[in-house]
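Chain nomenclature is as follows: A, B, C and D, assigned in order of appearance, with residue numbering initiated at 1 for each chain independently.
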Amino acid sequence: MTDETKPPTPPPAAAPAPTKPAAPAAPPKPKGPTANDASADPVVQRLSAALPGAVLAAKELVGQVTVEVPPEKVPDVLRHLKGTEAYTYLVDLTAVDWKARVPRFDVVYWLHSFEKGNARIRVRTSVADGVECPTVSGVFKAANWMEREVWDLFGIRFAGHPDLRRILTWDGFQGHPLRKDFPVEGIDTGAAIYPDQYPEGGGPSGKDGNRKVVS
Amino acid sequence: MSEERAGTAASVPDSGEPMLGLREMELNFGPQHPSTHGVLRLVLKVDGERIVSARPDIGYLHRGTEKLFETETYPMVIPHTDRLDYVAAATNNHAYCLAVEKLLALEVPKKAQYIRVLLDELQRISSHLLWLATAAIDLGAITPFFYTFREREVILDLFEDYCGARLTLNCMRIGGLLEELPPGWIERVRAFTEVFDKNIDEYEDLLTENRIWKQRTIGIGILTGEQCIEWGVTGPPLRGAGVKWDIRRAIPYECYADLDFEIPVYPNADTYDRYLVRVAELRQSRRIVLQCCDWLAKNPEGEIRGKVPRVIKPVAGDVYAAVEAPKGELGFYLVSNGSNKPYRLRVRPPSFINLQALPEMAKGHLVADLVAIIGTIDIVLGEVDR
Amino acid sequence: MGLLDRILLFDIFTGLKITGRHWWRKKDTVPYPEARREASERFRGMFKLDEERCIKCTLCAIECPINIIFIDWHNEKNPEGKAEKVLDRFDLDLKRCMFCGLCEDACPTNPKSIWLKTKTYELGAYERNDALYLDIVKLTQWDVEKGVTIPPAPGEEEKKP
Amino acid sequence: MNEALLYNVVIPAVKAIVSVLVVATVAGILTLIERRVLARLQVRQGPNRVGWNGALQWVADVVKLIFKEDIVPAHAESAIHFLAPILVMVPALTVYAFIPWGPEGTFRVPGLGMIRTGPYGTDVNVGLLLLVAITSIGVYGIILGGWASNSKYALMGGLRSAAQLISYEVPMGFALVAAILMSRSLSLVGIVEAQKAAHLWFIFPGLLAFFLYFVSGVAETNRIPFDLPEAESELVAGFHTEYSGFRWAVFFLSEYANMITISAIATTLFFGGWLRPFPNVAWLSFLDLVPGIVWFLLKVSVFLFVYIWFRGTFPRYRFDQLMALGWKILIPLSIGNVVLVAFAALWGIPGLKVLSVVLWVALVGGFVVLSRSTPKRRTVLAEGV
């Protein structure tokens, strides 16, 4: 797009879009919900009593309680919540990449309790890049694929996972797409399903006219 | 890598010995197989026709939707959510809008809530009809497909009249809805529900008591309530296993608390009970649709969109919102850093998580049952692979 | 189910009755090229651009989730001596479009300058790059070329006295 | 012309050529009819583009299949792969030598004088036995085709069909035995004439036998609800997964030819073959204006319609259930039926008539009771869970 004499407005990069239309108008910022400390929550209290040092912080936002725990304590915390607090259903497990932060990743777990009036709790732990997080697939069977997905898309390894293979991208894919430093337009990984046949970085040519680079 | 190639000719070890000791055969089921509902691939180990183990291999439809979300502003995400579970776009839109609204602390006007619920339930009907159609075809009954599609077509027409699209609806907006109901729409929905009631009876006459249908489904793919919870399985499979749990009642959102409907539950946890749950849900969704129609007819005036700021910039923080999609709990986990784009938007796809229990359900069954089991989980690969 | 209906295959005959009854029902399919479905009022189909009304604000391009609208303009003095934006380029890559309608929502003019509610859904083409990459001429002229009349843009009806 | 030459060579040859051509054509047309009928049951249009209302669709299909590339998979046993469709097709067409489409008659043929012959290849005195023997050969083609394709799905289809076809031969055979007992003849022409002589279509005393025969026949022809060797949603296409082009068409045509065979035999054995309805009621003799062959074809087409109707209605059995149905229900039932019919036949025609009355009263009575008593089952919400 840059070879044109006058830089055309679009294709608008996704990034400048926000500032353009309404930045000057600066509408009244909606009063959003605010986060509160939730360490007084009875579940959190009992958790920190049962596992000293497990609860680093606890906060509540729009009624959803998040407990921060150190990664090595995660299986214990989840086992405690599942066993004594009857949070028997692992709703979801995912990760968030905070690119510049140290440690880089958050791994987030939601638990649901059928017995306690559909209460939900979120457990969050911070994992540095390259550090293994202990698996919870021994606590919840459901965690198996979700951890595989996190490994696939974020590159967080789970120690002790029975079958930690890529799940959404193919075996031999280079990189982890949901990391913030992975380009949106993708990379030339090549059809590396058979790495012995396709060298790394092979596959479809980057000069292919159908591949449009999104700026 | 050798695992990846399992099932192809190359996987058979060429030891030069006669393969007399070989009892198990590897069978590649999909991704291009008529009954895998898209591009699901299963690597089966079969002993004759009995399945020793099934290993799902997914990702053929992976489009990086979650990555894409991070590059779009909040309103621009909505069309992308249509493409997750593409046969139930309204619920996808709904779950996403709920998540953003929670973080914005936005109040959705009552009328918009009712219209949203109405759209959701119509979508549930259409999704369950599609399920019934494909599940019946998987078991060899080709005709219910056309009967259910006849009704589904009417629903799609209704969607087309409301929002201009039939499948990828893009019908909701953060804080409410884009468009008012077109004139006469409510009456057309009512007319549909009237015809539909009789048609459900027809499907049931064709299948519910049919001995072949019963033989093919009763006792097949059992996943008990405890197993469902352990595997995180939600939606009709959970309710077909005797667990009375439905987000519409458990964690009510929108106006579901005001509506009168039952949650169908059946105890036997097999394919037949999951079928019964879905058919009963068709009737319950019809009830909800009628109630919404009544309410909307009584309250024609009202806003359809809350006080939404022109630029949507939620506060920094994270929020999880879930709806009861036709396939189970559909959740959106939204992490905002205060900018106008989601920092991270995670979809909790019910199909993906329900599919995980497939090997457990399929073990020990025949290949023919596997087809029934894949059908009964009701997966949409767009949502599994995202 | 009692023993009697099991022996007499009652369920089997019920099934046959249901399908047999449909022998006389109205056929539900439409023989397409001869009979066409009328698209609904709000159906999001082919794009139409009204160059006159467009104020070159590029909001549609910004709002497009997949960046398929390309707009380019420059300033020109009109006969009255006022500066006026003139469109150089208004391209739309229809083959990637997902018809979400966000561009139409974003358009600030009333009536809309770009809209999808043209009741036209036959977008098939033999050459994807020629037929589905729409430049400004195609966007404004396709209905004339095709010889079809399309409904007015949203908001146009009300404006007319 | 030499009479021996005429009756032993020329007429059979003409009949053979005509019957092969006619059956192959009719099987082709049947594919079109099936699609149209199925479409009607499914509230849609069906093929309606080629020719008047799609009447030439089957020609287009055949032409397409002939010109389609004939693919032999790598590592397939190409000789057997080639042979398999032939093995299926030949027996499917051969049986038409014995099926009597109409009564024997005398025709004047220019240059040859009066010729006495019937619209069937030959009347073999052990026709029924020969027919069962020949139709059983077809299964070899299916098994070999499945095996030779070097595909797991095809192999599974072939194995399924081996078990299925062999199992269902047994109840079918016993059902035929019942018909033989009633008619005391193995010749197909003889059976029809026996029905005329007994003033009774054998469907009346042979209700069970007919049911068993038809169910086994549906299974023998691999049709829904017993289409396991093909089982599209399970085995992709079963034994003919790896076939394409004309070889596939041959499989396809033989399936339809077999359908016609089963229907024709059912008509012959139980519905009086070419006889008009009530063949002995004098005041209905105006029905004789319609030639016998037309009555025969009418009856056959009813069965073909039922075949298609079944396809439009039922789900598919699972393999073990199919076997259980065959071995645990149909075979004991068919043996019992043979005993029942044997006793009745021992008594002679009156015995058959008594049996008819008993069976039909039981059937109709049962339906009357049922239609009054059975509440419609609807999904109700389960209680207490």
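In this section, a contact is a pair of C-beta atoms (placed from the backbone, for glycine too) under 8 Å apart; a residue touches a chain by one contact, two chains touch by 3 or more.
This structure is a prediction, so every number in the text was calculated from the model and none was measured.
Quick check for the class: compute each chain's Cα centroid; which one is farthest from the centroid of chain D?
It is A whose centre lies farthest from that of chain D.
Weigh B-C against B-D on C-beta contact pairs and write down the one with more.
B-D
Can you compute the centre-to-centre distance for chain A and chain D, using the mean CA position of each chain? Integer Å is fine.
62
Just how far, in Å, is the C-alpha centre of chain C from the one of chain B?
One centre to the other, that is 27 Å.
Report the inter-centroid distance (CA atoms only) between chain A and chain C in whole Å.
Distance between chain centres, rounded to whole Å: 37 Å.
What whole-number Å value describes the gap between the mean CA coordinates of chain B and chain D?
43
List, in ascending order, every residue of chain C touching at least 2 other chains.
In chain C, 1, 12, 15, 18-19, 22, 28 touch at least two other chains.
Of all residues in chain A, which are in touch with two or more distinct other chains?
Answer for chain A, listing residues that touch two or more other chains: 14, 17, 21.
Considering chain B alone, which of its residues make contact with at least two other chains?
Touching at least two other chains: 72, 143, 146-147, 150, 205-206, 209-210.
In their complex, what parts of chain C are in touch with chain D?
On the chain C side, the touching residues are 1-2, 4-5, 7-8, 10, 12, 15-16, 18-20, 22-23, 25-29, 31.
Can you list the residues on chain B that touch chain A in the complex?
Going through chain B, the ones touching chain A are 1, 4, 58-59, 62, 64, 66-68, 70-73, 102-106, 229-232, 243, 245, 250-251, 309-311, 313-315, 317-320, 322, 329, 331, 333, 335, 339-341, 343-344, 346, 348, 352-353, 356, 385-386.
Across the complex, what residues on chain D touch chain B?
38, 41-44, 75, 152-153, 156, 224-225, 227-228, 231-236, 311-321, 376-382, 385
Can you list the residues on chain B that touch chain C in the complex?
72, 75-80, 82-83, 143, 146-147, 150, 153, 157, 160-165, 168, 170, 178-179, 182, 202, 205-206, 209-211
List the residues on chain D that touch chain C in their complex, please.
Interface residues on chain D, with respect to chain C: 40-45, 48, 309-310, 312-314, 363, 366-367, 369-370, 373-374, 377.
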